[in-house]
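There are two complexes below, and they share subunit A, which is joined by subunit B in the first and by subunit C in the second.
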Partner chain A sequence: MNEFFALFKKELKTCFLSPVTYIVMFFFWVLTGANFFWLLWQLIGGSPLSVAMQMMFGGPLLAIALPIVVPLITMRLVAEERKQGTFEALLTTPLQVPFLVLAKYFSALIYYMVLWLPAIAYLLMAGKLPGVPGFPDGGAVLAGIFGVMLVGSLYIAIGLLMSCLSSNQIVAAISSFAVLFGTALTLTLLAYNSQSPSLRIIGQYYSSYKHMMDFSRGIVDSRMVLMYICNSAWVLFVAIKVTEAKKGS
Partner chain B sequence: MKRTTTTHLRTIIIVFLSLIVVLEIGFISLRNPLRVDLSKQKLYQLSPRTRSVLGDLNQRLKIIVLLSEAAQAGNPQSAMEMADLALDMRNLLEEYETRSRHITVEWVDPYRDMNYTRDLAIKYDFTNPDGTATFPVVVFDLGDGAKTTCVHLNDIIDRKWSEELQRTVVSEFKGEQAFTGAIRKLLHGGNAKVYFLSGSGAGSINDNNQMGGLSALRAFAQRENLDFQELILSSKSIIPEDAEVLVIPGPKKRLPDYELSLIESYLSRGGRLLVLLDDGIETGLEGLLRSWQIETVPIAVADPSKQSGSDFLVKSSEFNFEHPITKALITEARDVCFYKPIIVYPRNEESSIKTGYLFLPGGGKSAVDINGELLPPCLGATAERSVSNALGGRSLMSRLVVIGDSDFISNGGYQISGNTALFMASLDWLLDRDIVISPKKMEDIRPSLTRKQKVKLFCVNIVVIPAVAVALALLMGYRRRK
Partner chain C sequence: MIKVNSVTKKYPARLAVDDISFEVSKGEIVGFLGPNGAGKSTTMRMIAAYLPMDSGTIEVAGFDVATQSREVRRRVGYLPESCPLYADMRVDEYLHFRAELKGVNRYIRKTRVNDVKEQCGLTEVGKRIIGQLSKGYRQRVGLADSLVHDPDLLILDEPTVGLDPFQIRQMRDLIRQLAEEHTILLSTHIMQEVEATCQRIMIICDGCIVASDTEANLHRMLQQKTVVEMEVLTSKEEFEEKLKQINGAELRMVSEQPHGWIWVEVETLSPDMRVDLFKLAVEQGWTLRELKEQPHSLEDIFVQIATGEGATL
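So, the complex of A and B:
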């Protein structure tokens, strides 16, 4: 385990020393700030509280932002090291590949959680606004944060896998974006617009936009939770296997 | 075969097998969902009644929602309202889908899918009796067209005028009532017949007057799968066999003996009776009610918490929470407001009759002095007795609800707090139905922000907080250089 923590610490340090980290942070915080301001505008305009709560974590702005932001976080994880030649050097050491991959994954997840920190500030602000008793709803906020973490865990796992598959950061970022945005869009369309019940069930089961809408209104569903945990674990498992295969060759 | 190829092949097989395991877990979780609503409002949580109705569903039910969020595109307010309504309906119908695997929901935009909408209009016949076509919002299709019914927009929402916004806004979302009512209608056939006794000065469901008129109740009838009809007993030799409940809504004079004997006979056949009484009137029902262990005192009692006035507010904390009628109202914390109510209290002397009280203002501690007799300040009572059916040999249950006021359901009183809920809950208990949950109130909550506050919020959200990221970047850059 010491190996893991040493690697995790190193990854975290690398992450927070990178300028890309703060560029992503700046734009994401502008976006979440705008999202919060927009939902307040909706409330002022007469939208029900339930709708505003769903916009907090499940708004369309965020649904589009996440497939862009996550590849920017994960693109450098493996691809950058491979380009610099340090990854191959790491693989020649007695370090276990799962620890290496998991350390990168959890460091990215920590950074992703930092990105969401201002949301707590917005909620504290909302709690002090005059004329909106019961906003934000504590239970719904908890479920929303839980949902954000689950969606992030899967997105980051996919981004990490793409980074493992490529030796170029840009290629890793574009492929991650293509996979995340493409699947998110397709599954959301299937979930809401498909005429076929079977396709709609598949869409509803996998669409992260729909899940975020549910989490934001306080719903925690075992199907969603298991889907994210299992799929994140599976994608990480594939990432480990890909890295081990590269080590072997 | 090369060693690396074998390794790659083995990796692919392992990845593939693990994917099967993940899909299998997903499949199992889909079949056994566990859903928790952590929100305080629980806006879309289904009531026990809905859950019970969905439990009875054992064939395919297709729900088609015909709603366009771009309706009246020229009116952005309408589009926004439609978008909010669509979200509410989506959330609610999702709970229905989760609860029953026989339900599938299909969303159709009538403006975008015009051909398909036309096909639906032909299939489900949206034509009114006068030949015009009205598009419903939701179509319920049970058993692939075997039985269908529709729900319209007015069944789903109530509107009210907002002084602040200077336009009508949605005040109540009645989706659950409307949808469950429609499903129940498909499953259990037609509407339950509820007769309102006419004559003797009793309130009429055709009367539009504010005081005494009951026409507003008709709006609830359709939604609750009830068929309200007036009954003139003078021309009848028997209370109709299809009368599932008979309501006597505040007679203003004594009922003829002939009618009293018909009512008595109806009760002895397993009938269900709801009696609403007013002050100062001898209705002739007193003897009948006494035989059912219910005593009435036709003198108005004053609200002990008020110095003057005729209104009598019964707080939800004063309801009997063991009785099914009032239990449902307690969970919603709905008070009931009566006008000059009289005392109605149960005695419990005969074991074959099971009596109960509905509310006890002041917790029953303060007895009311009526002509020197100290009586419990009870304003509503119920009684039930098992009677045997001579024809089938089956045992039936007669039920009786007596409330010491009739004005609470009048056109002028039904909207006050939980008044309608009390009436509907009484009917539900008489009809052996699960007690319904009232429509969800859409809270009119709007932040009251000044222009200065809005600018401040904008600056904090979109300038100050992102600026922290810039400051952190500069700090890190400085440390790296150092």
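So, the complex of A and C:
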């Protein structure tokens, strides 16, 4: 367990000392700012509160940004170690592969949650706005943050798996973008645009855009929670197995 | 300390290590010598519990590498060939991180890091960023890292590769100092390095161990054929003619020098040909300027063994 914390601390440090981190942060914060601006316009335009709140965590801008931002966070995690050869140095210490993967996973998840910090600041600001009583709704905000974390945990697990599969960061980033964006787009299209009712139901079950909309309105469906936790867990399991198999290659 | 028992490792395209067995006892300093791609690194990686083997067993300090790999890794300090480091970390920071990762108790971590820094001559550069250090210093950081948890066994994969002659000498001295407290297995394809540092030499070629002995013994085994060099004042033809009087002498090379001198190399199976050659010169009334036996270098031994000439081994 000590090894886990040693690597976890080091990963966090590396992450927050890297320029890429701040470039990603800048663009994501610009997007969340634009998103908030859009939300305010909706309120001014007279949209009901529940609809405006959906914008907070589930706006289309963010739904498009996440499949781009997550690969940028996860691409270097394992691929860089392998490229530099430090992977060998790590695995000849008592550190075990599952702890290696988990330490990297949780450090990335923490950075991902830091990316969402401005959203909380916006909500505090919005609370001070005159003429919008009952905004923001505390429960909905908590559910929204929880939802963001669940979606992020799955996305990061997928990004990490792609980073485990390749020793090239660019390949890792592009393949995770392809998987994340491809599935998110397909499932959202199925959920909202499909003609066949059965496909539509499948889409609604799996589309993270749809889930974010629900979470933002304060709806926490335990089926969704379970789905995200299970999916993240098995993707991480595959990542661990891939890393073990690729040891020495 | 190390027991390797019929270990085989296959890569998809080739057989890297073919059924090797050897033992290294505690306190020994053993050099692994072989051409590039002979299987040195693969063997070391298997001992360091990084690569799984296809068959056979390896025991380090009484622990099985395959089933008790964590215990093995606790006791092994391994310096990989390319000496991989995090270029964006500072030396102190890196060594502390590695010490923590290797389970060095936090109460003694600082002392340990300071000790290995002193041992490896890194005290001055503790605050510097690794990426900005010279190759020699980086190699020392790698060595300090492999020492930080005070391992029983040190595995150094080509520790002097890429260093300048001065740094190589420093690194060798350092390794010799370390040998007092640790068992060391080091690999290289540079002969002088093993000659200078190791007590025992293992020559590996195409995945097989072709010789394993002390340097002196390896010399002795191959000493049967010696080469005598001599410089005399006579003509090439005359020398060739008269040399036939000596049984078993074979002319290996002859070259003409200025002012009528010739430089010859005579190969022979007899233990000492110098006396015969001296007598020949006296008989013929040749003026003799130099006469000496060529020492066998480890390089000869290595080439002979690697090319299969050392059939006696």
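Brief remarks on what is shown
Keep this in mind: the second predicted complex is superposed on the first by the 247 of 249 C-alpha atoms of A that agree within 3 Å, B and C clash if a C-alpha of one lies under 4 Å from a C-alpha of the other, contacts with A are read in each partner's own complex, and residues count from 1 in each chain.
Criterion: a contact is a pair of C-beta atoms (placed from the backbone, for glycine too) under 8 Å apart; a residue touches a chain by one contact, two chains touch by 3 or more.
Computed from a predicted model, the values in this text were never measured in an experiment.
When both complexes are superposed on subunit A, subunit B and subunit C fit side by side without a clash. Considering which of subunit B and subunit C touches more of subunit A, the answer is B.
When the two structures are aligned on the shared chain, A:W29 is found in touch with subunit B, with no touch to subunit C. In the superposition on chain A, contact is made by A:L17 with both subunit B and subunit C.
Once the two complexes are overlaid on the shared chain, A:M227 sits against subunit B while remaining clear of subunit C.
Contacts of A:G45 after superposition on the shared chain: subunit B is touched, whereas subunit C is not. Of the two partner chains, subunit B is the only one touched by A:G218; subunit C is not. Think of it this way: put the two complexes on top of each other by chain A, and the tightest Cα contact between subunit B and subunit C is 6 Å. Once both structures are placed on chain A, subunit A residues 17, 248 are touched by subunit B and, in the other complex, by subunit C.
Of all the residues in subunit A, the ones that touch subunit B in their complex are 16-17, 19, 21-23, 25-27, 29-30, 33-34, 36-37, 40, 43-51, 53-54, 118, 121-122, 125, 129-135, 137-140, 142-143, 192-193, 195, 197, 200-201, 205, 213-214, 217-223, 226-227, 230-231, 233-234, 237-238, 241-242, 244-245, 248-249.
Against subunit C, the residues of subunit A that register as touching in their complex are 2-3, 5-7, 9-10, 14, 17-18, 84-96, 247-248.
On subunit C, the positions that touch subunit A within their shared complex are 45, 48-52, 70, 73-74, 76, 78, 80, 82, 84-89, 97-98, 100-103, 145. Residues of subunit B that touch subunit A in their complex: 4, 7-8, 11, 14-15, 18-19, 22, 25-26, 29-30, 32-44, 80, 84, 87-88, 91, 94, 98, 104, 106-107, 162, 165, 169-170, 442-443, 445-449, 457-458, 460-462, 465-466, 468-470, 472-473, 476-477, 480.
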